[in-house]
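Below you'll find a set of structures to go through.
Two complexes follow with chain A in common, the first pairing it with chain B and the second with chain C.
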Partner chain A sequence: MLFKQNKSQTKIQKKSSINQSVLSIENIKTQLNHSDDIMERELHSYKNHSYIILYLSPLVDQDILESKIIKPLIKMENNDIQNEVHNEEIIRTNSNEEVIKRLLEGYCLILEKSGKKEGFLLKALAAYDREVTEPSIEQTIQGANVGFVESIDKNIFLLRQNTRTPKLTVKSYTFGTVTTTDVRIVYVEGLANPEVIKKLEKRLKYFNVDSIRSPGDITDSIEDHTFTPFPQLLLTERPDRASANLKDGKVVLLIDGSPVAIVLPATFMSFFSTPDDYITRWELGSFFRFLRLFSYMNALLLPSLYVAVVSFHYEMIPLELVYSLQTSISYVPFPPVIELLILQLSLELLREASIRLPPSVATTFGIVGAVVVGTAMVEAGIVSFGALIIVSITAVSSFVQPNIEMRSSIRVLGFPLMIYAAIFGFTGIWVGLLTIFIHLSRIRSFGEPYFVPFAPLKVRDFKDTIVRVPSWMRNKTHAFKKVKKSRKWKLDESEEPY
Partner chain B sequence: MKKTKLLIILLILPLITSCWDERLLKDTRIVYLAGFDTAENNNYLTTTIIRDIIISESNRGHTSVSDELVMGKGSTMSETGLKINRSVTGDFDLAKARVIMFGKEAAEKDIYRLLDGIYRNPRVNLHSKFALADNTANEIITHLANDEMQKGEFLYEMIASGEENTEIQEITLRSIRTYLFDDGKDFTVPVLSLDEEDSKVKVTGAALFHDRSFTGETLNPDEITMLLLLMGRRSEQAILTKKLDGEDNVQVSFNVRNVSKKKNLEIKEKIHVDIELELVVEVVDYPPDHLEKQEAIDHLNKQLSEILTERADALFKKLQTNQSDLLGLGRDLMAYHPDIWKEIKGENYYEEIVVNPKVKVKVGKINVVN
Partner chain C sequence: MKVKSRISSFELFFVLVHTMVGVGLLSLPYRTNIAAGNDGWISVLITGIMIQLIVLIIWFLCRKFPNLTLYDFSQVILGKTPGSVVNLLYILYTLIVVSYVFVIFLETLKRWILPETPAWILFLMGGFLLIYGGTSTIKQMVALFSFLFLFILLLCFIKVLVFHDSPKDIRYLLPIGSNGAWTILKSTSSTFVSFLGFETLLIYYAFMKQPKKLSAMKGAFLAVLFVILVYLFIVISSTILLSPDEINHTPEPVLYILSASGMTLISRFDLIFLAIMSLIVVTTIISYTFSASIGISKLIHVKHKTSVILFGVFVLAVSAAFYYLELAIPGQWINLLIIIFGLIIPIILLFITIIFKREESSIHEKN
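Here is the complex of A and B:
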């Protein structure tokens, strides 16, 4: 029996392969593997025409189907679907392939029963996407409370709302040979570097996968350098940030189903800015920029400096500290590197575990972790309190970095630096740092230098990278030609300071 | 393939480059005070205090500190270090030394013989202070080891505060080296002595050095302040107390606010050096008061100038008898009169120099002190 069925199926397939392009209900169903969620419905209109409606029920909004497709269809007088059925999109087609593609996008197919080999595709996509909410990771104090959502159309809506110009250009791509995903490139014509767009399009042309599982699939294959801890694409979940970048001439890449926008090209320093910098007054914004840079260096170097000092250069520690440090370190059975590695790893464990845990458990877990890692380990003599302080400061410093991927670069680079420090002391740290700087100066993001105000050195660009000067003092870019004049007004007599 | 090979080589290379000179903090025994003495048979004796950390068995978080007195004898300084190493766990390390002390006997010989090994060690703290024990360094350190309060840090603070009060010349391991190799300039080192009465270590003066050895003569704190003023050095404050002539039991204390010095070399049959020192002082303590009157100030000015000139004269006599050229007059000769320097240079060039000091005191501030 089983055998028979198989045989008959192969027969059908063979048959269908002959006239696969012919539009027929049977053909379509076969190509969709007779999936149970295919709905077929026969209708008779007022003038006694018969139609067959075919759709994938989970993708179709029943209300739209009812009121905007079936109702007008029944009331139709002239058998003129294109004019009498009111729908936002009606496609007339006789291609089987197009029908299949559209059905998967939430269209429904209307076929006349009289045997015309031509169908109409009407959009009836059910929108189950969530409301626009506050971004969860990139939170600001005073910024807009709007984050990207999973629906690509809504995201483009958000971008357009923030970037109101006719020059905003959207280009659509569909990727995946087995399952498909929509990807869109958004940029402002005239501001975005055409070279970058050309490069992006070229790279996307080579992008060929069965299916896109996450934005990582795309970023991996369009990034300039894969073997580097530094991210060259800026991911953001804030429409205002993405829009500000668009106005700066950057290109934004949106992927359907992902609530992040990919901004490119990114520079090293762009990971150190947040939307808040531009909302608060410039002194404060500059201070936080400094703080972030400092904390990045801090998180990167502190563990290795500790290792170097404790195992090579302890004469640098002040006398008052050296005794208390020695007191706690002398009963630790491991060399300082191992000691720090143990602590760092246990901290990583805590960090990773607390992300996956539900919030109610995470609090308890955090306390337990803090007690075990903090107090008990020191008291048991597994690690010294010096190492504990260092690792804690490192962790706190690393959390200051606003971008997750940049933050992870600290971890990737911190461990080798620590090993260098353990082998060579300060010399090792220098060698490691130099290697990092050389590497940073070599990286490019879509043809544009990554480490930009430093290498190549552009002192004028410091104004908006390591500090944030008032907006009217900022460099003239092609986007903001008028900025400089915005403070040309003079004080009235009544406004003069006393 | 080529790249991976290169990468492997680069990864292995750091691991095979000769010795790994790691020095773990936990394996070292940090010494903050070291004293050097001479012992019998041309040997040296090094005395130090090493801090021990005791972690109680019942409660591992709780630690206590105890100081251990260790000594090592040997024919060179490094041998004494090795001897000490044999008696303690870990490595004896002078990297954190704050005070280095010499016994009187050891200092009377060439002290560079003791310091050579220390200068060769790149890790030694060059800012450690110097001191001379009026008997043996061993005696003072042994005393300190038994005393709860007075440890190496205590000595360091004591010397530092003396420097602030212009009572001790600022001498460190680094600055002393230039004096050791300078023919035209000498130095002083604070003298520590053990007060038998209240069994405390005190700074009692400064030892005059000539070339590389102790002359045997010490200056009292008053004289050093005078000397430092003549050298043109004044720290945070320099307070002098003098008894005025002709008046019964009237003492005046004053703080020197400003020093200006003029030096003039004149070549006659001997080398005459006229030093004119002008001090602007503030009166700290003067019971008769009435300093608002110009006469009283004039009187003080005159009296103090006379007294200080007299003192300065006596001081230079003392320096000359000990050949200790603290003002660096020899260096002046080298620079301005090299031909004369060539004639007189040698061990006792100071004999050829006559110093005529003249101190002029000006009371400048009479109101609220400090």
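Here is the complex of A and C:
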């Protein structure tokens, strides 16, 4: 294992409660609390040496144990485990602490019975990983059908396969004082911003917990700003997307047991791109980019604009529309904002219910919930059709946003905006919007401005954010230094003018 | 002066444009029309050129003290105590200007959008934005301003759209110069107030990256030029679209023109215009707050955040007093104040600097 060597460098080494006593079977068993899954076997080799093998049976692959450890051990000619037993990793140790740690990682301990106070640790970890499958949330039309899995080694394998360079660097960390979890930082040396790596390492140094329960534990403590609706770390379950980000100079954080990679630093606009944008032709990719941005604003502003127009500024919309809206609204006993809140709430209920239900029922449920209840509500005069249309468009627009966390920011910001609009009309909306703008221009992600091509305004960077220009027209970043020349060939090779 | 980060000439452009374009825009054609009739645009042009010259004078002064704000070099030039007095005066001046903008803006809002809403709610909302925006660093402020610059362009676009659509008569501009040279010259005094904000250069110049070079001023010159062009367009279009009699009776001709025109989907452009305009007005207030709180934090040695809150509270108190006691601050007074604080004091400081050879640069920075 290449990366285990770095472990000695980690700063997170805690003072262990385990005392450095003599290495013996009894000691180890005591420290593992005589748990029932500790297996102990005594072996006699061909040359009549006796050994004791100790391991935690659920963690160890019986096949590996039989064929790669026990068999060679019995057949051993000389008493030389290091050379005669062929295993991917053999560690020679006399420290109790090391033995305990390795046993929990799926190693087995071989002790000579003759009383030498030295044992050998051999790796026999059972791999119960699931197969690499298609990602369930971030689906693409034409992209690769590979998603991250729960095993951190397999994830790094996926990243290395997509990013084939000697500069790819993996740094290994172990967190948790009670239960431990492996965390790895992956980046391409030379492309990634050293400042970002330094910041990340510093923040991880402060991260000191008993145990990591979920990736949220770690993202909460390394994010720049916690009290903001905007996510500053991009979570992806696609290796191709993670490695594309690596090539753009981003840093990827992997946590053992979680099938998502955390990409950082993430700017506002990075949540609006999908891998499909770069696979389809640029016109289509740009259109979808633009559509996503538009739909985000739509989902954020449409309800509050509706409330403001209907309750204060009905002179803004054409007269014919005022009449038809008026006839519908006049039967409704609530003010427009309450109407919208009722509808939004029922929509949230539908959404939550359809996630919990099995897919076969969810479709039927959707039809009943959305169509039947929606129509009935309008006909019963509880809500007006205008409000129903607005909420439906808002919901559809919010589903266009590819990232779940960015989508939730719409909800967090949309409700206050709506209430502002209900109290102050347009003034409320612009006050709310300006607050959001000030906030967006203040927050940063690992030192990089969050709202970047807009604030600070960089028109040149619009090329790969709002629109997706053809790859050879992109700005010269590290990864695309030579790409301009890729269109230097001539369209028409023949010399004749006509 | 110790700063977290410096700004480029390009970024100075955004800061100055946002400080200058503000509440004065809405009533500019009305004021120029009263002062100079149909030759208001000449008056704007002359004022603009004068502002360019004043900006140049400010630059002559500031380049002697690289990376120092007015609040630092006033004490170098005049000595400790007189310098502090000048600083205090500048802070008070900013306080009055911000309160003036605040009150005018609130009155416009109340007249056009929210006639029933109690004023104190609007005061509180404005105060919140002022404090929230003012507590940011210069980089964050520049980021915000550069983004909102897109909205200024949007405003211009709406104006052009409406101008294109409405019935117009170019003969309202003719005959050019009919009001006489003296009237036009005299009218520049009432146009001055629309360019309010150029004097913040005295503070913002300390944030420049290469303060000794003339190229650092490119942003400032372009900012003034941009503002001149926008104002010229506003004044000329208003003169063409409204008859001389009409314009005399409309204190906010810009909004009035917009309210009359509509398109198929949006019937009232003025409401949208005013909503976007509000963003721009608040940036003026934020910029002034930022510059004044630098002075406050130097004067009484408090943190930037504290001084912003202090300034915000004072602005709210002063503007509420003006609003509720119905003390209208006459535009003439503000004009006078601008001339004193934007022109006369810098010139005096410049003379003292040249005669007594005062020069100092920031000890925190090598230039």
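The rule we apply is simple: the second predicted complex is superposed on the first by the 468 of 498 C-alpha atoms of A that agree within 3 Å, B and C clash if a C-alpha of one lies under 4 Å from a C-alpha of the other, contacts with A are read in each partner's own complex, and residues count from 1 in each chain.
Here is the rule we go by: contacts are C-beta pairs under 8 Å (C-beta built on N, C-alpha and C of every residue); 3 or more make two chains touch, one makes a residue touch a chain.
Treat the numbers as computed from the prediction; the structure is a model and nothing was measured.
Of the two partner chains placed by superposition, only chain C is touched by A:435; chain B is not. Looking at the shared chain after the overlay, A:427 reaches chain C, while chain B stays out of its contact range.
Within the superposed three-chain model, A:196 lies out of touch with both chain B and chain C [touch as defined at top]. Judged by the touch definition given at the top, the superposed model places A:302 against neither chain B nor chain C.
After overlaying the two complexes on the shared chain, residue contacts for A:417 are found with neither chain B nor chain C.
Contacts of A:456 after superposition on the shared chain: chain C is touched, whereas chain B is not.
In the superposition on chain A, contact of A:379 is made with chain B only, not with chain C.
Taken together, the two structures place residues 312, 315, 317, 319, 424-425 of chain A in contact with chain B in one case and with chain C in the other. By the touch criterion stated above, chain B contacts chain A in their complex at residues 14-15, 20-26, 28, 30, 32, 51, 53, 55, 60-61, 63, 65, 95-96, 98, 123, 125, 153.
The part of chain A that touches chain C in the complex is made up of residues 312-313, 315-319, 424-427, 429-431, 433-435, 437-438, 441-442, 449, 451, 454-457. Those residues of chain A whose C-beta lies close enough to touch chain B in the complex are 310-312, 314-315, 317, 319, 322-323, 325-332, 335-336, 378-381, 420, 422-425, 428. Within the complex formed with chain A, the residues of chain C that make contact are 11, 14, 109, 113-114, 117, 121-122, 125, 128-129, 132-133, 136, 139-144, 146-150, 264-268, 271-272, 274-276, 278-279, 282.
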